[in-house]
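Chain lettering (A, B and C) follows the sequence in which the chains are written, and residue indices restart at 1 in each chain.
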Amino acid sequence: MTSLLSVQGVTKRFGGLVAVADVTFDIAPGELVGLIGPNGSGKTTLLNIMSGNLSGDEGTIRLDGEPCTGLKPQRLARRGLMRMFQLTRIFPRMNVLDNLLVSGRALGLAADEAKVRANGLLEELQIAHVRHLDAGQLSGGQMKLLEFGCCFMRTPRLALLDEPFAAIHPTMKEIMSRFIRARHAEGQAFVLVSHDMPVIVELCPRSICMNAGRVLSDGKTSDVLTAPAVIDAYLGGAAA
Amino acid sequence: MLSGALAADLAVNGLVTGLFYGLMAIGLALIFGVLRIVNFAHGEFYMVGAYAYTIIAARLGVPLFVALPSAFLFGAALGWVVERTLMRPLYANIGSWGLMRDEYAVIVTFGLSLLLVNLVDKAIGPYAFRAPALVSASRVVVGPALMSGQKVAAAVVTLAALALIALFLRFSYWGRAVRAVSQNRLGASLAGIDATAVSSLVFALAGGLAALAGALLSPIINASPDVGAFPAIKSYVIVVLGGMGSIPGAFVASLLLGLVESFGAVLVSYQYRDTFGLVLLILFLLFRPQGLFGERGREV
Amino acid sequence: MSGDIRLRREFIATSLLLLVLALLPLAMRDVYWLGVLVVSAYFAILASSWNLLAGFTGQFSLAPAAFAMIGAYGAALSAAYYNVPPLIGLLIGTVSAGLIGLVLGRIVMRLRGPYLALTTLSFAEIVRLVASNSINITRGDLGLPLEPWFNDRVIWFYVFLSALTFVICGLYLLLRSQAGLFLEAIRDDEIAAARSGVRIVFWKTAAFAISSAAAGFAGALYAYFASLVTPELGLVQQTGLVVSMTVIGGMGSLIGPVVGAFLVYVTSEWLRDVGGWQLVIFAALVIVFARLFRAGLWGLVITALAPRRKLA
């Protein structure tokens, strides 16, 4: 088995609305995959199912070849699936350092090890100067960086990032994309959801485009972005 | 087993009790709808109404048709003051309670309940107050059931009050504003509705209705400092069964709870009759938090 | 400031406070006031255990008094029907409250805010109504009498103080470990905590069980002290007192509930002579503190002592 994560026929309905419709794809170890699609096309819902925050109606998901459909988020996190939410989620009444330590300790690092790692990440993400501030007092962009950091306290098997660049200043965006590129070079696998096409083109060798819950196109990013169906979905509105 | 006559009697009594519950619970549901909090001092509005009515009518000798509305107004004024002084941090994001609004709401309303109970206990006294009767008839035949005249009179006023509230919420500008803010506070504000004023209004209405309930029932259950505890718990059960914040849901659930208790006391256990509603509350919150009719929203 | 240092500072302050209390009988041996201190210590344990749930884990339970009552009945029933000695009775009271807390905590896991408050309030009322209506077992509102363990108030005072010390040390060790980090994370954002790999079910249930067991322990001890157990121990008003003490002292700090419990209870006994307005005053204080001084008295002390910080 060469597949790191395998998604097979995953479907999710909300009442009459099919938010994710029979989605199938594989992610190989070390792959960096862009997940794109118009608003409401089901990207976040798909990530929610992958990370265990939502249970799908049909389909199976395997991580490292082992079935993990319906596992709780905390179980998946411990198996190496880390996830960044579209609407930032941090611990507002704990300080920045403790925010990182939670991930580290919960994922089995010893106290000292977690501290070293956290401080390293704070430096790398350039938020070390606010490490003793309560996370709730950070700016929106700093919160995103912090949540981003939480995903890397222990090197994940796969990081699912839901629009990490939304509403972020270009310099911070640069910090994050440099981080992603560096980790990818070391063999870290990512799924990156973004509406920022230049970043997707720059970072992701492969992309998956969704529309109305379905996978429209999956392959080399340049091919995906030029596929007629994709152009249609983006320019012609999601009327389909 | 149950004879037909007894069943009919239980049904009528249960429905009438349910009406009283409704008067209490609708205010609580309104508050939850608009502010997303449970008012743990709701029973004290009831208590205040019972005292206001008893004192105004019995001590000052004011006629009933003035005393009852006065009790309503008194409760409404109290509700309004409470909202203005204590509820503002819930939506103004004052200080660090912004992150802990649920906790703040529980603590403050809980503290308010303690304050009012003990204040009345010290200022007026711990003993029950006898209230003047609403009507002089002691027994009235209602369909298949025989009921005390007080209860029938109170039920008639309650029905009238509930009808007025329903009309108000349905057709008046402020009624529509209340419903709009319940659905989406931010959206309603953007549409030009004064959400803060709506919160004040809702608290005043809730206080007034609970006070009216206390006044109406005071000839039957005399006013005492802790007289509100019991109706408050009933209204918690009702808002949960009805789906937190739903007004029609609360009304239906009130009648239902009245019936469940009335039949349960005879069919299941008289001794434990007051626990039925509480058990229902827990079961609902665990398995159907959206209540009898509601739907669930999105979390992640 | 890191959570670690804050916690250590609170622990040291609490230890000093307990030490001062331990020296009190040297100066004061009035039976009445020793009794007041005993009851204060009882409330301090309840408030500290409740604070673990409400202040650190974000589970705003309204059942602490009910768990104290469960512990008290555990001790009293086993003494009345099986004649068990006090130490075993204490154990039975503590364990039964802990087990019921474990089950309740597991059941209410998913509930938050007003929903949790309502559920636990209903649970508390159900337990109290059952205790007061099961007359052939509990003698209802008459209460169950117990053989007093011993009568010397000074000994009782030290027993309660040791119990409080034990609970505080236990809480400190718990919060200082990674558990403290996880509980606070759960309080702040459960979904984010799950994403970080925190075992939500385990920690939330554990916190509930530990808190309930501590409340039950206090209740069982109190049962032997008062030699009578009535359903009144589980009244919602008792929970109201516990909440008031915690809020006035400072919720979410180790020392706050202890300060709050002693201050509120001792002053209220003292105010009893001036017409019994104490409960009115405290209820008003709770509202004032909740509205204006969220961090309680302890928070005020910290702000007063802290060096003026530069604006960052």
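FYI, contacts are C-beta pairs under 8 Å (C-beta built on N, C-alpha and C of every residue); 3 or more make two chains touch, one makes a residue touch a chain.
Just so it is clear, the structure is predicted and the values come from calculations on it, not from any experiment.
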- Note on the structure: Chain centres computed over CA atoms; the one at greatest distance from chain B is chain A
- Using only protein Cα atoms, the chain sitting most centrally is C
- Between chain A and chain C, centroid-to-centroid distance (C-alpha), Å: 42
- Query: If you average the CA atoms of chain A and of chain B, how many Å lie between those two points?
  - Reply: 47
- Averaged over CA atoms, how far is the centre of chain B from the centre of chain C? Could you give it in whole Å? 31
- Do you know which chain C residues sit against two or more other chains? 188, 191
- Overlap residues in chain A, where contacts from two or more other chains coincide: 53, 85, 92-93
- Message: I need the residues of chain B touching at least two other chains; which ones are they?
- Response: 96, 99, 299-300
- Task: Report the residues of chain C in contact with chain A in the complex, numbered from low to high.
- Result: 1-3, 178, 181-182, 184-185, 187-189, 191-200, 312
- Note on the structure: In the complex, chain C touches chain B at residues 54, 58, 60, 62, 107-108, 110-115, 117-119, 121-123, 125-126, 129-130, 133, 188, 191, 236-237, 240, 243-244, 247, 251, 275-277, 279-280, 282-284, 286-287, 290-291, 294
- Residue ranges of chain B in contact with chain C within the complex: 32, 36-38, 40, 85-86, 89, 95-97, 99, 102-108, 110-115, 117-119, 121-122, 229, 233, 236-237, 240, 244, 271-272, 274-275, 278-279, 281-282, 285-286, 289, 299-300
- Mind pulling up the chain A residues that touch chain C in the complex? 51, 53, 72-74, 77-78, 82-83, 85, 89-95, 97-98, 101-103, 105-107, 111, 132-133, 147, 150, 153
